[in-house]
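Each of the next two complexes has chain A plus one other chain: chain B in the first, chain C in the second.
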Partner chain A sequence: MAKQYEIPIGAQHISLLEPLHFKFTTENEKIVATEANVYYVHRGIEQACCSKFKFRQVSFVVGRVCGLCSISHTTAYSQVAEKLLKIEIPLRAKYLRMLVIELDRIHSHLLCLSHVAENSGFEALFMKTMQYREFSMELLEAVCGNRIQYDFSIVGGVARDLKPQVAQSIMERLKKFIPQLDELMDIYKNNWTLSLKNKGAGAITKEDAMRLNVVGPFARAAGLAVDVRNETEDLLPWKEVGFEMVTETTGDVYARNMVRLRELYVSIRIIENIINGLPESALVTETKAFPDGEATVRLEAPRGELFYYAKGNKTQVLERLKIKAPTFSNVAAMTEAFTGNEYGSAPAIIASYDPCLSCTAR
Partner chain B sequence: MKLASYRKKSPWILHYNAGGCNGCDIEILACLSPKYDIERFGMINTGNPKQSDILLVTGPVTKRNRERLVEIYAQMPEPKVVVACGACASTGGVFRGMYNCEGGIDQYIPVDVYVCGCGTRPEQIIDGVVQALAILETKTKELEESVRLNKEAIKENKQLNRRNIADEIKPVYT
Partner chain C sequence: MKKIETTLLNLKNDIAAFYKPDLHHFMVMNAVEVGDKIEVQWFFSDYAHPCETTCFFALISPHEEIPSIKDIVVSAWVAEAELVDLMNIKVENTQKGFVLEPDFESGPLRKKK
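For the complex of A and B:
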C-alpha cells in the first residue's frame, strides 16, 4: 500500500464560493476517502422564523436562506403557508411564479457551468458563460426589481405584475440567447481539452445514486428520472407549460454539464409558453385567517427537490418550520463520488455538484 | 518603494463568505465577468490571504466562521483594507439576533468601507472597492512614514460598535 496523505480544501479556497471543508485522503494522487464538513454557515433561520418573525414576514426571511435560489425558497414557503391558510391563489400568480423560477434556473445553471469551466482551468469559457448569463440577471431585475433576492412571491400571491413591455423584452432577449446557448452547448460538448477534465470525472452509478438518495441534476445525470416538476401537479401546472424530463446516463461531470445545458432549452420553452398564454386575473388572494394545522410542500429548485414543512397554531407566529434543501440530500453522494479520482480534478467535481451550503446549513 | 505604486494600480482582492446567503458572493463573481470587468482596475481575485490587499467579506459572522475570519485577516500583510459587502456583513441585516450569528463583521475585525444593499449591486461593490483603493493609499503612506521616521504607526480604533464582551477568539488550529 502506498503512503497516504491527507489534503484539506477549505474553509476558504479560491475555487469555493462558500465556506466548505473537504478532507481528502489520497494515495499517489488518487482520492481514496473523503470527509465533508458543511455546517459553517448555520445561522439559525428556522428558529428565528418560529419566534422572531410573523408568518407574513417569514417569506422574506427564507429568501435569505440562499441567494441563488431565493425564489424557490420564497415560493415554497408561500405555498406551504397558503396550505395552512387554506386559500387558493389566483391563476396569474401561479404562472408568474413559474416564470421567475425558470428565469432563476437559467441564471443558476449558467453560473454553475461557468464555475465548472473555471475550476477545470478554462478561464475563457468562464468569462464567456458569465457574459451570456448577464441577460438573465437583467431580465430578473426587470421582472422583480432586484438582481438577487427578488422577494417576488408573498403569502397569497405575487408582489408585482408583469408589464407588457417587460414580457416583450423577455421574448426578444430569449431569442437572442438561443444561438448563444447553442454555441455554449457546442463548446461544452465537443471541446477536447475540457472533455479531458470532465469526462469520467466524479462519476456515480445509477444504483449508487438511488441508494444515496440523490436529487436534482446530479441524479438526472446518473440516469435517475427524478424531478418534482414531473410529479406534482396540484400547486404549479408544470406539464401544462411544456415541462420535459432531461436525463443522461454516464453520471460524470460531463453528463451534469449536459443535463444543465439541455434543461436550459426546456426552461426557455417554458418561459415562452408562459408569456404567450398568461391568463388575466388578480395577483393576490386576501385573507384574514391565521395558519393552522400542518402542511408539506415540495418544489424543484435549480439544485433539486426542496422540501418545506410548517405547523401553525392559529397565531401570527408559526410553531415549526422545517427546510430540507437539495444539497443536504446530496452530501452523502458527494463524498462518495470523489473516490478513485485524481486530486487535481477535485475542484471541478466540487463545482459540478453545484453545492449550496447556505441552503444546507440554513 | 516601487511596490507601493504597483499596489495602487493592481490591488488583489480576497473574498470570504462569513455565512451570508451567497447573494452577494455571486455579485462579486459577476464583477469579475465581462460586463462589469473589475480587472480594468487591475484587480484579480486571489485565493491566498498572504498575497492580497483588499478583503471582501460577505455575510453576518456565524459562530463557526469567526475564528477563520480573524485568522484570514491576521494572515494578510499590512497595509490592508476590509470591505463589508452587503447589509448583513455591515450590520447583521436580516440575520441580526439569530442565535448563531454575531451581527456584522465589525464586531471582530476593523472595517474600512461598508457597502449597503441586500443584495448589493455590482456597481456598488465596484464603487466600494474603488473607495477602498484611496484608503489603501493613505494607509500605505502612513506606513511608509512610520518606517522612514522609525516610529510607531498611528493605531486609531476605528471599530464603531465593537462588542465589549465579544466571545473569546480561539485559534483555528490547535
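For the complex of A and C:
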C-alpha cells in the first residue's frame, strides 16, 4: 500500500467559496477518503425566528439566510406561513414569485459555472461568465430593489409590482443574453482543456444519487430526474409557464455544467412566458389571522430542494421553524464523490457541487 | 403532509418497511418541543408527481436515545448529527461537533426553561 497523506482544505482556502472544511486522505495524489465539517457559520436564525421576530417579520429574516437564493427562502417561508394562515395568494403574486425565482436561478447558475471555470484554471472563462451574469443582477435590482437579499415575497403575496418598462427591459436583456449563453454553452461543452479537467471528475451514478438522497443539479446531472417544480404544483404553477426537466447521465463536473447551462434556457423560456401571460390581480391577500398548526413546503432553489417546516400556536411568534437547505441534502454525496479522484481536481469538484454553507448552517 | 406515529422500538422496522430508495427521498429530521416531551420527526417525499410528504414521528423524553436509521437511509447521518448538535438529542452512534464546534453549548435551539 502506498503511503497515505492527510490533506486539509478549508475552512478558509483560496479555492473555497464557502467556509467548509474537507480532510482528504490521499494515496499517490488519489483521494481515498474524505471527511467534511460544516460547523463554522451557524447563526441561530431558526431560533431567532421563533423568539425575536413576529411571523410577518420572519420572511425578511430568512431572506438573510443566503445572499444568492434569498428569494427561495422568502418564498418558501411565505408559502408555509400562508398554509398556516389558510390563505390563497393572488395569481399575479404567484407569477411574480416564479419570475424572480427564475431570474435568481440564472444568476446563481452563472456564478457556479464561473467558479467551476476558475477552479479548473480557466480564468478568462470565469471573467466572461461573470460579465454575462451581470445583466441578471441588474434585472433583479430593477424588479426587487436589491441586487441580492431581495425582500420580494412577503406573507400573503409580493411586496412590489412589475412595472411595464421593467418587463420590457427584461425581455430585451434576455434576448441579448441568448447568444451569450450559446457562446458559453459552446465553450463549456467543447473546450478541450476544460473537458480534460471536468469530464469524469467527481462523478456519481444515478443509483448513488438515489441512495444518498442527492438533490438539485447534482442529482439531475447523474440522471436522477428530481426537481420540486415537477412534483408540486399546488403552490406555484410551474408547468403552466413552461417548466421542463433537464437531466444528464454521466454525473461528473461536466454533466453538472451542462445541466446548469441547459436549465438557463428553460429559465429564460419561463420568464418570457410569465411576462407574456402575466395576469392582472391584487398583489397581496390580507388577513388578520395568526399561524396555527403545522405545515411543510418544498421549493426548488437553484441548488435543489429547499424545505421549510413551521409550527404556529395562534400567536404572533412561531413555535418552531425548520429550514433544510439543498446543500444539507448533498453533504453525504459530496464526501463520497471525491473518492478515486486526483487531489488536483478537488477545487473544481467542490465548485461544481455549488455548496452554500450560509444556507446549510443558517 | 401525512403523519405516521411510531415508537423508538418500532422506528427502524416502520421506516425499513416504508423506505424504497428508488421511490422515496429522505429529506431531513426535525424536533419540536411539546411540553416536557420532544417530538422527533423523519421527513420523506416521493419522486412521483404529484408528490406527497410523509412524516414519521415519535414522542420521546429529553434524555432518551433515539436509534439511528443510517443502515436503512445512508445519508441520514447528516440529519442525525445536526439534531444532536442543535437540539441536544442523543442519537445512537452519533457524536456532537458536526454542525457546531464540539465545545459549543449543547442544544441552542431548545427552548430556555
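Here is the rule we use: the second predicted complex is superposed on the first by the 362 of 362 C-alpha atoms of A that agree within 3 Å, B and C clash if a C-alpha of one lies under 4 Å from a C-alpha of the other, contacts with A are read in each partner's own complex, and residues count from 1 in each chain.
Simple rule for what comes next: a residue touches a chain if its C-beta (ideal position, glycine included) is under 8 Å from a C-beta of that chain, and two chains touch if they have at least 3 such contacts.
Since we're looking at a predicted model, the values are computed, not measured.
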{"item": "Partners on chain A (chain B, chain C) - clash or fit", "value": "fit"}
{"item": "Partner chain(s) touched by A:V58 [first = chain B, second = chain C, both, neither]", "value": "neither"}
{"item": "First, second, both or neither for A:R147, with chain B first and chain C second", "value": "first"}
{"item": "First, second, both or neither for A:G44, with chain B first and chain C second", "value": "both"}
{"item": "Partner chain in contact with A:L113 - chain B first, chain C second, else both or neither", "value": "neither"}
{"item": "Which of chain B and chain C A:I275 touches, first, second, both or neither", "value": "neither"}
{"item": "Partner chain(s) touched by A:L184 [first = chain B, second = chain C, both, neither]", "value": "neither"}
{"item": "For chain A as apex, the angle formed with chain B and chain C - C-alpha centres, to the nearest 10 degrees", "value": "100"}
{"item": "Touching partner for A:E134 - first (chain B), second (chain C), both, neither", "value": "first"}
{"item": "Which of chain B and chain C A:L68 touches, first, second, both or neither", "value": "first"}
{"item": "Minimum C-alpha separation between chain B and chain C after superposing on chain A, in Å", "value": "6"}
{"item": "Contacts on chain A seen with chain B and repeated with chain C across the two complexes", "value": "39, 42, 44, 47"}
{"item": "In the complex with chain A, residue positions of chain C that touch it", "value": "1, 21-22, 25-28, 30, 32-33, 41, 43, 45, 47-51, 53, 55, 73-75, 77-79, 82, 85-86, 97-101, 104, 108-109"}
{"item": "Contact set on chain B toward chain A in their complex", "value": "16-27, 29-30, 32-35, 45-49, 59-60, 62, 64-65, 68, 72, 88, 93-95, 97-101, 118-119, 121-122"}
{"item": "Sites on chain A touched by chain C in the complex", "value": "37-39, 42, 44, 46-47, 210-213, 215, 225-226, 228, 230-234, 294-296, 298, 305, 307, 309, 311, 319-320, 322, 324, 328-329, 331-333, 361"}
{"item": "Chain B-touching residues of chain A, taken from the complex the two chains share", "value": "11-15, 17-19, 39-45, 47-48, 52, 60-61, 64-68, 70, 111, 127, 130-131, 133-134, 137, 146-149, 356, 358"}
